[in-house]
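So, here's a batch of structures to check.
Presented sequentially are two complexes of subunit A, the first with subunit B as partner and the second with subunit C.
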Partner chain A sequence: MRPLTEPETKTVFAKLANYCSDLKTLIAPLDDGDRYVLRLNHSRVYYVRLSIANMATSVARDQLLSLGTCLGKLTKTGKFRLHITALPILAEHARHKIWVKENGAQPFLYGSNVVKAHVGRWSEDCPEHSGVVVFSMADIPLGFGVTARSTAEARRLDPTGVVCFRQADCGEYLRDEDTLFAG
Partner chain B sequence: MGVGRRIGKKQGPPEPLSEEHFANLKRKKGIPVDETPAELRSTKKQRTSTKSAKSGKSHGDVNAKKSVRQSNGLGKASSASKQGEKPAHRKSKKAPVAEPDSDEDSDQELIDEFAASDLDAPALGDDFIDSGDSVYDSDQEEAKKEKFVFSDDEDDDDEDREEKLTAANIEGLSRKLDKQMEDEAAENEAELREGALQTNIDGDKPHILGDDDDDDDELSSKTKTLLAPDLQMLRTRITEAVRVLEDFSNLAEEGRSRAEYTSQLLKDICAYYGYNEFLAEKLLNLFPAREAFAFFEANETARPVVIRTNTLRTHRRDLAQALINRGVTLEPVGKWSKVGLQIFESNVPLGATPEYLAGHYILQAASSFLPVMALCPQENERCLDMAAAPGGKTTHMAALMKNTGVIFANDPSKTRAKGLIGNIHRLGARNVVVCNYDAREFPRVLGGFDRVLLDAPCSGTGVIAKDPSVKTNRDEKDFQTLPHTQKQLLLAAIDSVNHASKTGGYLVYSTCSVAVEENEQVVAYALSRRPNVKLVETGLPFGKEGFTRYMGKEFHPSLKLTRRFYPHLYNVDGFFVAKFQKIAPTPANAVRAPSSAADKGTKANGSAKDQTEEEVVDRTPITEEGEEKDDDFGGFDDEEDQDYITRAKRNAMRRRGLDPKALNKKGAKKEKDGEKAAEKETEKK
Partner chain C sequence: MAPSRTRTIKNKHAANGSGIKGSKQSRNDRNAIPDGVLKAKKDPSGKSRAPPPNVKGRPNIAEILKKRKRRVYTEKELGILELNKITPVGVAKSKGTKKGKVFVDDRESMNTILAIVQAEKEGQIESKMMKARQLEEIREARKAEEEKKAAERKERMDETKDSLRKKRKRPQGGSGKDDGDGDKINIRHIAITGSKAAKPKPAKKRVSFAPEE
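Then we have the complex of A and B:
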């Protein structure tokens, strides 16, 4: 486990900036003097309190499987890929949101894109190809993706047209449990 | 509209083969049959008669009322069909007039009105339409009824007559059966007497035990000719044996010992429930006979499905509402838990609802709440879960701590740890560090925890309902190796606790086993090895006290503070929970090979004195027994034993990789101690 290097931090934050409006709040000091930091272990990036990260240093690298919240994976090509485990953090700080109706939640959780007919409502002024967090109508975060059209364009779309490409959904907890958390 | 979804409304698979069939077979073979089949038969007759009435109904001209009258025995069906009558009338009147579209609405209404009893009457209505009679008058129907009833009676003449016979003469019939049985019993008796065998059949006293396996063999050969093993007979024999064991002085046959009955009961239980003899005996010894029987019975039925609300994400009320909207029937699990919901029925897979995937709840047995409730982790503490997968308890702890402080979740298996990490993330616990150690390494990795939860790996004798393979898998070896690991784990757990913690310093030991070897004995061992811990109240609102004595073993009286949970008492899995408080640091010399530690302990340590005292107390009852049995057993030769003991100790040390000569150095001191102990004993006497 180690802190991220400068370029790594940059790629991670560049990715997060797609979804989150305010990155500063992510790492701002908390009330009790603690703060959240990013840590890298087995090419997974973790978002964790500093105190916990410090305590976890006593665990050997091979035996440390996870700490705090896993944001995603730094690939060998130097890119950063967000995992579904980052959803609570993205949902908290989301810039753009899409709410899907009850009949659209199930298909989305089974791994399909969001079609226009399933959209209950969405945030205005959303440009094309920007990250959105997908919620159910009961405000439960279900996953995230990128918009296929800007909000204005999507209005003219027919009901079966895709408005949001899925990137991750909660169903992955069941489907990809083996690959999601490589030890 | 189709046939209702309720079971029994549709023409489902045929009813399971009743015991009566076997009973009949047996009767033919001349094996005694007990009372129940007679009743069964009568109910069956009633049922068939109602069925015939029902089938008549579907043919066209129907009358529900008659069927109601006939099916007095079946309360549900009758009430349903009673309710069903009205809508059938209404619909049949309406059907020809109304257009199909507008009809749908009224249909909807009907469904709403009678949603509770999903009816077969609407189907009836369809039949009316098909039959072509467009208008129905209730009077007309009445007339038809009379007519039909008559014919119906004639059709089922035989059955009806038989039914009447059953109803009226049920007493007589059963008496007849009784007599038959008595005759058979008498015959058997006579036969046995002829065979010059000793029997003791006396009036009321049930005859359970086989006489030198003679009639047993006969029976078994006969039962073998039947297809199924004679479960009914086994069961009655078990209940009889339980009855006898409860009131032994009155009900036992003369010249039979309690042990004989117990062994017979044991054999029957093994055969009936499919346990191996070792495990069955172990479980049987835990309870009095009646309770043991209830325990075995409870192991055959599944425990209710329970989910735990994740209070990090939602509230129980909201979750319940959301699930009810999905067609789940549920209710709070009990007053003792504010987060548990018991599931009765569900139309959707509970492990794949959007709420589940969003981490609003986790499927978790009710018993798994208990250790965490006993541990009661506080905010901003440092906690350790030594065997965490699959994460139900870990996330419960995180929820109680409101995501503050830190939890170390350890699991020795990497594959199981994946599920653990998944659950931790799904439920949104952010204060968890997952590591993959053998938990016995623990104080060396990191210590100073405020609270430690040790849900030890165990034989699983408490969760036989969940995993029936336990019945046959477990043997004596498991009950030696598992407690050994558990003891090591418990000592490691104790050493990981920070005794100086302001808020905590607690440790909870739990297993999903009911065996004393894995519970009380492990706890007692820990108490003797670590005098710096004591048992405290678990704070759980229910549960039985742990044993303080078991099969001649005496445990520390404080073991009363531990709690046992049984499936037959609380409808939760079999479970054991003990809560320790650490009051002082572990003495430096305690963390060593047990033998050497004991040697050093006797030197000066005050705590070690307690140990020797306890040991003396433990030994007393056994020596007394020994004196009594001196005559037939031959007594003990202490000097000779001493020789064997020292040799065994030396071997044990060599196996452990220690220097056996170290034993000799302290040999002299030990001898002195031994003398002291002996003196104490004599003083006490």
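Then we have the complex of A and C:
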């Protein structure tokens, strides 16, 4: 387990900035004097309290399975891939949101894109190809994706047209159970 | 061979010892000044003259020249191309820097990176939004123009229809019977095509061959 280097930190923050509007609150100092830091273990990036990260140094690297919140994985080409485990953090600071109706929640959780017919409401002024967090109508975060059309264009779209390409959904906790935390 | 110059000696017995050129005495007295007249001699080796004696209060020029060292230029300053060495040119790292990765863990540097990244992203999103808005405006303008054109077309159509209706009423009132048939065809044609541009051609005469018996 080690802290991230400068280019790694940049890549991670750049990816998070697609979905979150205010990132400064992520690393802001907490009331008890502690703060959150980013740590890398087995090419996975963890968002964890500094005190816990310090404690975790007593665990051997190959024995340490996970700590804090896993944000995603740094690929060998230097890119960063967000995992579904980062959803609570993204949902809290989401820049753009889409709410899907009851009939659209299940298809989304099974891994399909969001079609216009399933959209209950969405954020105004959302441009094309920007990160968006998908919520159910009861404001429960289901996953996140990338918008296929801008809000204005999506209005003219037919009901079967895709408005959001899925990136990750909560169904992955079951589907990718074996590879999500290790391997 | 160049002719040797003869020298006139005014009083050879007086000053120059024995007066014989190669004699012992004359050799000893070579440095002595004859007649008090000193002729300038050229140094055969071409070296500069001996330095003048030190004058008090002034620095010695020769010493200064000696002290001033010649500047030594490095290879970089001269712009000489670097040759291949055992360690390639690009790989060589400066000494004293930390080996391996440089981690970012303190809040300040993280904040700086965050601010840079966020500013970049905001700029990108803003430009995207601007572009989308402009496109939307263009689309709206085009749509409005199309609607306007459609309304105009409809209006023109209505006008022609009205005019045709009026025309139809007129011939019933007083004009001759001959015109009636031709007009009817014409009106029907205009009503169908919506324009007066082309008049209907009279029906073409067709020729058909009777079946052979």
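Please note the rule applied: the second predicted complex is superposed on the first by the 182 of 183 C-alpha atoms of A that agree within 3 Å, B and C clash if a C-alpha of one lies under 4 Å from a C-alpha of the other, contacts with A are read in each partner's own complex, and residues count from 1 in each chain.
Here is the rule we go by: a contact is a pair of C-beta atoms (placed from the backbone, for glycine too) under 8 Å apart; a residue touches a chain by one contact, two chains touch by 3 or more.
All of these numbers come straight from a predicted model, not from anything done at the bench.
Look at A:167: by the touch rule set out above, it reaches neither subunit B nor subunit C. Residue contacts after overlaying the shared chain place A:29 against subunit C, while subunit B stays out of touching range. Using the contact criterion defined above for the overlaid structures, shared-chain residue A:41 touches neither subunit B nor subunit C, since it reaches no partner.
Using the contact criterion defined above for the overlaid structures, shared-chain residue A:147 touches neither subunit B nor subunit C, since it reaches no partner. By the touch criterion defined above, A:3 lies against subunit C but remains apart from subunit B after alignment on the C-alpha atoms of chain A. Touch criterion met: A:128 reaches subunit C, while subunit B stays clear of it. Contacts of A:63 after superposition on the shared chain: subunit B is touched, whereas subunit C is not. More residues of subunit A lie in touch with B than with the remaining chain of the pair subunit B and subunit C.
In the superposition on chain A, no residue of subunit A contacts both subunit B and subunit C.
Subunit A meets subunit C in the complex at residues 2-6, 9-10, 13-14, 17-18, 23-24, 27, 29, 35, 37, 125, 127-128, 130, 150, 152. Residues of subunit C that touch subunit A in their complex: 101-105, 107, 109-111, 113-114, 116-118, 120-121, 125, 128-129, 132, 136.
Contacts from subunit B toward subunit A in the complex involve residues 322, 351-352, 354-355, 357-360, 382, 406, 408, 414, 417-419, 421-422, 424-426, 428, 430-437, 445-446. Across the complex, subunit B is touched by residues 48-49, 51-52, 55-56, 58-60, 62-70, 85, 88, 105-106, 109, 136, 138, 140-142, 170-171, 173-174, 177-178, 180-181, 183 of subunit A.
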